[in-house]
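Two complexes are shown next, each including chain A; its partner changes from chain B in the first to chain C in the second.
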Partner chain A sequence: MLLSGNPPRGKLLTALIVLIVAALAFAPFILQGSKPLNVAATICVFALLVASYDVLLGYAGIVSFAHTMFFGIGAYGVAIALYGLGPSWTSILIGLLAALLVAGVLALAIGLFSLRVQTIFFAMVTLAVASAFAVGASQLSWLTGGEDGRTFSTPALLRPGYRLVENGPFGVEINGRTLTYYLVFFGVVFLFLLLLRIVESPFGRVLQAIRENPFRSEALGYRIVVHRTAAVVIGALFAACAGALNAIWLRYTGPDTTLSFSIMLDILVMVVIGGMGTLYGAIVGAAVFVVAQNYLQALMGVAFKAINAAGLPFLAGFFNPDRWLLWLGLLFILSVYFFPTGIVGKLRAETK
Partner chain B sequence: MSVSLETRDLTIRFGGHVAVDRVSCVFRPGELTAIVGPNGAGKTTYFNLISGQLRASAGQVLLDGVDITPESAPLRARRGLGRAFQLTNLFPNLTVAENVRLAVQAARGVHYDMLRPWALRRDLIQRADEILGEVALESKRAHSAAVLSHGDQRKLEVALMIALEPRVFMFDEPTAGMSVDEAPIVLDLIARLKKDASKIIMLVEHKMDVVRSLADRIIVLTNGACVADGDPATVIASPVVQEAYLGIAPKEKAAS
Partner chain C sequence: MSAAESQTLDAGAALPQQKTDYVPILLPFALALVAYPFVGSFSTWLTLTLAGLAMGMMIFAMASGLTLVFGLMDVMNFGHGAFISVGAYLAMVAIAPMAGYAHTDALGPGLLALLPAIALAMIGSAAAGYVFERVLVRPVYGQHLKQILITMGGLIVTEQVLYAAFGPQINPLPRPEALHGSIDFAGAAIEKYRLFVVIVGLVVFALLQFLLTQTKIGLLIRAGVENKEMVEALGYRIRRLFVGVFMAGSALAGLGGLLWAFNQEQAHASMGGEMMVLTFIVIIIGGLGSVGGCFIGAVLVALLNNYTAFLLPKAALVSTILLMVVVLLWRPRGLYAVTSR
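So, the complex of A and B:
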């Protein structure tokens, strides 16, 4: 049994989670066109990525800036294997296993080396290692494709040209894209449930104990370096899986889609908006953020035109689509101000 | 197998200040040793040296004849050294039940089990509930530790050590600041622990009536040094104690 006995808690929160998961589950049949499906797949990937980060930040209280590096290792692993060994399932498996090995060993090394001291030192080390890794990845262009990244094909079953059912439910065609989407969706669901189980296990409870009071944890016999390192390794492995799924979805891996520091910032924003130390916050945070990132600009474009047409150019200036980042920042500040424990914390408190 | 604990010339210096000064003592199972002395005498620091929160500048700690001085606090805890801290030291944002379960889990050596959810560990949950019963905290099990009253936090502090099932119990002023109706819960618990002749119990306590009723032996620390050691009647009667300790004993401490 995969379930962990850790339901979302709170009626409103449960309703919200069910709504988001249902929307994602039926996305290929509800949404028309490739952009909405792309948004849905991105939400899935980031829900997993942010959840794996939450194990570190929310549960173990460790700040890491290397999460995009592990995400990138997963994405590059699959990309390099599919590019070099050809588009087969075996390539995906080899790429994924190699990526998990690299991510795991690297996380172990960083953890054992730097978590002995203070967790702030760990944060600095991850920043340095992640920057070095990003530079390395763009330099080794024979392997990684450099700044251009790698475009590759996926196994035949997952290609857009593959048609499984011409006229499926709701008259929607089920093709390779649909199958890829479900591979991502079910992969994320499985790994998310696994993470939930880990944080609800005795091991997960020790992580929380160490976050709350490392001194007392040691007096009970818990070796905090070992536990923190284990948390970092787990976070790295799940991030690498998210990266692999992302690569399969995009059929492309490059520095901008995996290693860039701006993705690291996005992860931080999502985990804070959603609510730290809840795991469910990752689903909510990813959904809100990715939708805002993709549609806020379009929405503002509509408002901009409407207000301009109404003859209020000064007011319209606020809604210039080029200023969407400003609005996103404002949304972030407001959400932190009104929901310091994240949306999940707020919803749980409301329905206690 | 019963336990033996010994400190040999145990010493720690903070800069020029010698907080614990060449203390040599043997602790025997089945014996409750009260450690008394004025504020700042080094009682808590002595405990910290034994359980590994501080590293000795000189001297040794021997448990079952093994020199454990180089070992870290977690390793010593696993060997059976249990602490209840003078300054309450809990997991504030976890519930009372979760606090105790963490100690139960440690006692059972469940450190890295990731795949079986807590909710399925009936054995651990039941044991934690038993211990909550012993300190009369069952009704607060779902409260987070941070919102408990001072007295309840002290009880939870003691519960964590009991749940750890150590072989050596180190109580550091367990009833300080507790109300008159709460203190007996903890004192009765200590009296019950005493019945198990295989355990070593050490108790730092300022209240002389408590010491008289529980202790089999008293050690007096002054300025880090052990100035008296023996059975309660003799130690209390000795001039060094009359002068060094009992002179200020009536002044109950408020701060800690």
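So, the complex of A and C:
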């Protein structure tokens, strides 16, 4: 019921998903300190963001490079509202609604304009529009705070200073930060289940049909442009929601955390490594990627020092923690080649 | 057979030709004219126009390979920007030993200093293009989705390899002394380097046009863009042709990267990705697969970019996107629609 008749399928995969979700659900009680909790919240936000991207890439077969733009619109909407109207729940709501409106209209315009022809055309147009948007956002500094972004405070209930229970379960204090985490977590869970519902609906089936054979689907009477555009709009709205949650969690919105192209690349890597066209891949991909990003770099740092000490500075350059995108890129290429179905596809095949 | 018919079938008669479409060619001139009253002073307008032309030539060099590769094989290389960066870095490597020539004021040695840089940048990026085609593009022919993802991955990896090899800093890349400074013309300062770039760009365009319209290889390429299967059916190995075009396109991107790097007087691996956006807009405006359209598109985009950067500095990139929208509303498949796709 809750999963819309689309369980993860496969014992190993189910176990993995349950493990990740359980770990995220109890994160504030298992993990101590602010960094691990930050990692958990990032996984939640990206799971939703990547899932919304998967509707485009995996289900509709559309490559978009503007997903961070919609993510950014959500984040900036909430940020500008909280900054301008003061920290209250109404401003969050106003910001979110405004962001959804902007994201929806923009997605509709881009979709209707450029989805008539090939998907490749759409990829190029979105790349251009997204980079123009990123430049624009950093230039309109009276509105967006420019390169510095906007730091703002959230409603009192969500501030770290707010204490609900001094000595909660496991002796952990439940404060505003914990509440914010659960707002993010349950928001993501709700929206993820909604996405699952959407892709399992007849609409989702038509999307898949169009992906597999556009010509035939059109012959059956489905309007390709309408369905593809609808997929783009849905993806944009959910991405904006993810952006809003991200802004509430970080209490900051700036170009680097929302609009930069490297985040777009992160999304691509997550969706491919996790498994395209499954939605569950988003959870796995986001978890693996964010954990790797936060802890693998430390490992590379160790290797970097070791090789440097061995007197091979040129080789060491490749292991510099800053070069971690190199290895990620290689991993990305290899996974597109050798397991296009990603971790989820592999695990499903194992247990079949 | 009537007399009129036999006349048209006369072997000596010229082949029926498609009418040349002149309207797009007039666009850059129209744009320059329209911009004039807004800019106001003649000298500023001339400087801006020359800057726009120079930038257009550089974008054309970067984008021409991309549009041909797409037209010929339906391959959209999202990693094309990598060759731009490779060209810029190789220029940096090759210019270093020529420092003696580069520091003199005379034009001859100054240009001589650039020669090895140009050669290395073009050969190096052609080689990079070969590897790219073999390793990344070949296994995913006909699969657009994978193509986009894989070539994007290739761009990231190349960028990171350049960072690892040359360091993450922005590398200063001074032009040869002879190409510094400007000439005074009708009260306007004409930068020597921009003049040089315009000449190089025109030479490249002329060579490319000659190759495409006057040689057999060019004929095959144009035929392949229009109908690949038919060329194959006639017994030509279009794959080999494609590899050649891919390498030539990469070499041109490398040249564009070199010109751009000297223009900015710095080399950085993020350049390629940044310029990619403009090259995409340009080839969409020009019509995917059309070299002539790409040239006009590049000049249009660059001119508009320079005028708006002067008039409304914040609207430069947005204006190019508006230009794309307007052009596509007028001609949905770009200025010159050469492919049937």
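Heads up, the rule we're going with is that the second predicted complex is superposed on the first by the 308 of 352 C-alpha atoms of A that agree within 3 Å, B and C clash if a C-alpha of one lies under 4 Å from a C-alpha of the other, contacts with A are read in each partner's own complex, and residues count from 1 in each chain.
Keep in mind that, in the parts below, a residue touches a chain if its C-beta (ideal position, glycine included) is under 8 Å from a C-beta of that chain, and two chains touch if they have at least 3 such contacts.
Here the structure is a predicted model, which is why all the values come from computation and not from measurement.
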Output check: A:P202 vs chain B and chain C. Expected answer is one of first, second, both, neither. What do you get? first
Chain touching more of chain A, residue-wise (chain B, chain C): C
Given the touch rule stated above, what does A:F215 touch, chain B (first), chain C (second), both, or neither? first
Just to be sure I read the superposition right, which of the two partners does A:F29 touch: chain B = first, chain C = second, or both, or neither? neither
Where does A:Y162 make contact in the superposed view: on chain B (first), on chain C (second), on both, or on neither? neither
When the two structures are overlaid on chain A, which partner does A:Y182 contact: first (chain B), second (chain C), both, or neither? neither
Applying the touch criterion given at the start, work out whether A:Y295 contacts chain B, chain C, both or neither, answering first, second, both or neither. neither
After the superposition on A, what does A:R223 contact: first (chain B), second (chain C), both or neither? first
Report for A:I333: first if it touches chain B alone, second if chain C alone, otherwise both or neither. second
Listed in rising order, the residues of chain A that touch chain C in the complex are 57, 61, 63, 113, 116-121, 123-125, 127-129, 131-132, 135-136, 139-140, 261, 265, 268, 272, 314, 317-318, 320, 322-323, 325-326, 328-330, 332-333, 336-337, 340
Please give the residue numbers of chain C that touch chain A in the complex, ascending. 70, 76, 78, 136, 139, 144-146, 148-150, 152-154, 156-157, 159-161, 163-165, 167-168, 273, 276-277, 280-281, 284, 314, 317-318, 320-321, 324-325, 328, 332-333, 341
Chain A to chain B touching residues, read off their complex: 4-6, 197-198, 200-206, 208-209, 212-213, 215-224, 227, 230, 234
If we count contacts the way the header does, which residues on chain B are in touch with chain A in the complex? 51, 53, 72-75, 77-78, 83, 85, 89-94, 98, 101-103, 105-106, 110-121, 124, 160, 164
